[in-house]
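Next come two complexes, and both contain subunit A; in the first it sits with subunit B, in the second with subunit C.
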Partner chain A sequence: MGHLNKRLLLLPGLALLIYPLLPGASDYVLHVMTLALIYMVLAMGLNIVPGFCGLLDLGYVGFYGIGAYTAGLLTIHYGLSFWLIVPLAALNGALWGALLGAPTLRLTGDYFAIVTFGFSELVVLFLTNEIWLTRGPLGLPGIQPVTLDLSWLRPDWYFEFYDKAPNFYLAALLVALVFFVMGRMEDSRLGRAWYAIREDPLAAACCGVNILHYKVIAFSISAAIGAMGGCFYARWSMFLSPDMFKFWESFLVLCMVVLGGLGNIKGALVGATVLVCLGEVLREVLAAAGLPPETRFMAYGLIMVLIMRFRPAGLFPAIAASGRANPLLVVLGRRIAAGEFSGEKDDARGTSA
Partner chain B sequence: MAPLLELQNIRKRFGGLVALADVSFAVRPGEILGLIGPNGAGKTTLFNCITGIHAPSGGTILYFGQGRSMRTNGFKPEKMTALGIARTFQNIRLFNSLTVLDNVRIARHCRTCSNFLGAVLRTRSQRAEEKENVEAAMHWLAFVGLARHALADSGSLAYGDQRRLEIARALATEPRLLLLDEPAAGMNPRETRKLVDLIHAILASGVTVVLIEHDMKLVMSICQRLVVLDHGTHIAEGPPAEIRENPRVIEAYLGRGAVHA
Partner chain C sequence: MLEQQLINGLTLGLIYALIAVGYTMVYGVIQLINFAHGEIYMLGAFFCVTLITAAGLPFYVAMLMAVICCALCGILLDIIAYRPLRRAPRLAALITAIGMSIFLQNLALIIWGSRSKPFPRASLPAYLSEQALVMGQVGLTWLQLFIFAVAIGMMVALFLVIHKTRTGTAMRALAQNRTAAALMGINVNAVISFTFALGSAMGAVAGILVAVYYNTLYPTMGYTAGVKAFAAAVLGGIGSVPGAMVGGVVLGVAEALGAGYVSSLYRDGVAYAVMIAVIVLRPSGILGRAAIDKA
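Then we have the complex of A and B:
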């Protein structure tokens, strides 16, 4: 099953990675693919909070917006390089994650969800009204595209990412980076602490996990990843406006996570792909049917209902073991299969008593 | 001999309900102390106060596990775990969708220290710690006899095995004092016998045990001393033989007919 899954994902993945290099590659398809990659970053980042820690986060787009505007403003006013802006935007996202999380993560369940929802609305209001900084509803045009300056290696190695293909590969790189970090976190002391909080906060505390501390860490890392996604988005779209960061974006990303399977990193990738493609299809279909584009949200709602009814754990339910492929666990699995523990004393106890 | 844990006039109120009223007793190092009493007597509330889940409304909890006396009122549960007090729960609280091994590995949290950077970069020290962590977890799983189920989902274990996994998880925090809340509840006689052996093995490893239990046969056979609570008050304390004859206990707990049973 695991191998089959891997192969199923690997082949189309490779095909898609080669696609931009083909001579007849369509700009539109590349655009959609890049968009899907951005949502993959967001879905993976959001996954940490509801998927790993079990907290409903309805305001993820707030961090996306913070990252995007951080990147946009730093580019316009200071002309900083993208490669410097990514860590700065991530840090800014993490900072706001911690500032929001530290006082509010004491809340549980619905109350926390409401706070995050309020936060993302606050971000939009800020972006709309603080005109001195963000130009408000006029938006932030003229953001330079990503550049890669390697002229210190060879004088003519200076690249501007105007084309679709380089941006696509940059987004793919970002996805790969986040995927790698997520995989490492999942199979670590940090990830296990998060799972413990999701499964049973009280038992987690009695196992020595400082719940608030680890929730804030989760929230900050999640925010940092969202901000990184926003950062790329700003330099890719070259224009930002507050209405790009409305609540619906949070909901869409949450749908992706739930569709893919809460707590499953690969599921988030699939969820993002499916919903972005669906969005594009609906755009055509709804226009043809003469319906306003907003009706697509009804389709998302319908999908959520169907998922709840038929696959409540998502398309790819999270598997119990974090990092089953970890060499430590592989070795342990072999030892168990070899019968090292089969003659356990508990059996002896049972029969002698 | 100095006690390991001393409770002085512990009180706990929930609104108008007095759950604990001036409960005082001491736990001696190396002993197995039974905490008994009818339902609603405040036994679990007392465990919750000791482990920091509830802050007592009054009184003092003194813990001597760190080589000096320490007032631990209002300490957080994770702090109490770090100080060496571990517990199990009356209604099993495992991390059900995780593996048996991960349940125990999580309990190593306060005995390990790798952080975000260690996890992402998978540094040499982080890898060493993970390896050691798996070995420690397997040690405790073998101790309770669950090693061969290490990679199974904990939710799929048999009931008695789940109870023992909870004990392994508590032991993996390397406690000085282990609080067991009705460990034999719902077990069949064979599982209970295995549990008795396990508790003796825990004592032999140098861990002090406090046990809440309704199975009187079990309590009377393994506890050196008993403390009896009724309606949140401490009504008797002493060796099982004495408690068995104590008229107040019989009245409150066993019922009048029990004397002749």
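Then we have the complex of A and C:
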């Protein structure tokens, strides 16, 4: 049953991958699909901090913005290739993540949430006000699209990604890469240390996990992935402005992670898809109703509240994530409910009475 | 101009202090950053203006009614959003708080429109727009004096409520140990609701005062003000009511001086920078106890 389900799920995924090659592919649909892929990268990146480590990060968009502007400025001023910029932007993101995380991650989650929030607001203020560098509210136009220079293989193999389809595949590649890395990290020593910290910091520390160390690593990796997403976004949209990196975006990405289930990588993918599609639908509906497009965030706010109230683990709870959902404990619970241990129960009652 | 900047900063700071008190009280009692508090502040201003323009009430009556409405909103917020999550992980409550904040903000956007509105000046008592004192280049308006009086009056009243009444004692007991307080027969949920009502009322007063002072109100006004007030609460030491007052005034003055002497572009940045610096360097704040879990 489980295997069949997985195969069935793969089919629509493959169908979507072939879609850009079809003759009647609409540019709008491709655009939305690429946007969904970018948000998938962001959601997977953000997932590390609240999902794996249990810390609320409200400033994720700050790193996205840092990555995007790093890519934009390096492209415009130095004409560097996209393939070189991605690691540079990721490094820059990770650097800021470490700088912000190292002094603040020793605090409890609430304080950390607020610091990240303040940080992302400062990033937006910086991008708006340092006109000599970023052109401020005017934005940064004229960023070259991604190029792929394979002329050392064959002289005419030089591609510029002006079309929607190559960008879509590039984004899909990025998602696949991040997804693979995430999966490996989750199963590694690193991932287990993060889970331990999330479930019980004290117990983790007692087992020799250096909490601050692992939290800073988590935060830096998350920041690096956000910066990578921003890097692709800059080269894809070819225009940047500080307005694109407001708190709303952080909130939206957080909403995706929460919807999919905190700590669940696949859930983050589904959450990103659902909310990007919902955003497009709401854009049409709200415009028809004569309401400003920002009001779609009301729906997002409501989704967050309702999910936390009725399905705190999201649509797809991560199985190994919460102790209560642990298969071993579930089986044990079932056996206790079935009365398999009734003898011991009677004993317990006897001693307490 | 230093004196003028100081007076402006003090006015702003007292308003921040009024909002910050709401954050700090709720945090003290249930250890939750109530992100929706900024939205209550915004609702206060909008209720007041709506009561003046739609119902034609005089300013003081409208102000009182708006404050009562906001206190009820605060209680509703607690009952609907936070009460079901009392035993849930803190991350869940925090995310709910942000969700409620975004929800309320956009609800206001739909009801009142996204454009900023002027405060109906005609309804204000005439003396408020006159200069009360002029000393050389420094001026003090009656409006500023009114803000000083209301803010300080409310804080004294709050201090008396917390320290001299039975409910206040219950609040302090709850802040120390909820389980023990419940065992002593304190109705925990009622006291938490009362805390929300009190904080929301203070926030609403601040919202109305800001709307009058700057003569403008808009649905997203609670966002920046909320964050700054939270910064003030952190600066003073979260959970400490006198700390929130001190923090608010310090932050307001710092912001006015920063905007006047450093760069007005980074006016909002001052608050964020102060907040981050305090959290990093002295997380217990100016008056807070060093009880922060550094796990």
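In the analysis below, the second predicted complex is superposed on the first by the 315 of 353 C-alpha atoms of A that agree within 3 Å, B and C clash if a C-alpha of one lies under 4 Å from a C-alpha of the other, contacts with A are read in each partner's own complex, and residues count from 1 in each chain.
Rule of thumb we're sticking to: a contact is a pair of C-beta atoms (placed from the backbone, for glycine too) under 8 Å apart; a residue touches a chain by one contact, two chains touch by 3 or more.
Computed from a predicted model, the values in this text were never measured in an experiment.
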First, second, both or neither for A:L173, with subunit B first and subunit C second: neither
Contacts of A:M304 with subunit B and subunit C, given as first, second, both or neither: second
Partner chain in contact with A:L10 - subunit B first, subunit C second, else both or neither: neither
Subunit B versus subunit C as contact partner of A:V258, first or second or both or neither: second
Touched partner set for A:V281, first subunit B, second subunit C, both or neither: neither
Which superposed partner A:P292 touches (first subunit B, second subunit C, both, neither): second
Partner chain(s) touched by A:Y111 [first = subunit B, second = subunit C, both, neither]: second
Which of subunit B and subunit C A:L202 touches, first, second, both or neither: both
Contacts on subunit A seen with subunit B and repeated with subunit C across the two complexes: 202, 205, 211
Subunit A partner contacts - residues on subunit C that touch it in the complex: 31, 33, 81, 84-85, 88-96, 98-107, 109-110, 114, 223, 227, 230-231, 234, 263, 265-266, 268-269, 272-273, 275-276, 279-280, 283, 292-295
Touching residues on subunit A, where the partner in the complex is subunit B: 181, 184-185, 187-193, 195-196, 199-200, 202-211, 217, 221, 318, 320-322, 326, 328-329, 332-333, 336, 340-342, 344-347, 349-350, 353
Complex contact set, residues of subunit A against subunit C: 50, 54, 56, 58, 103-104, 106-111, 113-115, 117-119, 121-122, 125, 128-129, 201-202, 205, 211, 247, 251, 254, 258, 262, 291-292, 294-295, 297-298, 300-305, 308-309, 312
Residue ranges of subunit B in contact with subunit A within the complex: 51, 53, 76-78, 81-82, 86-87, 89, 93-99, 101-102, 105-107, 109-112, 114-116, 118-122, 126, 129-131, 133-134, 138, 142, 144-148, 150-151, 153, 169-170, 173, 190, 193-194, 197
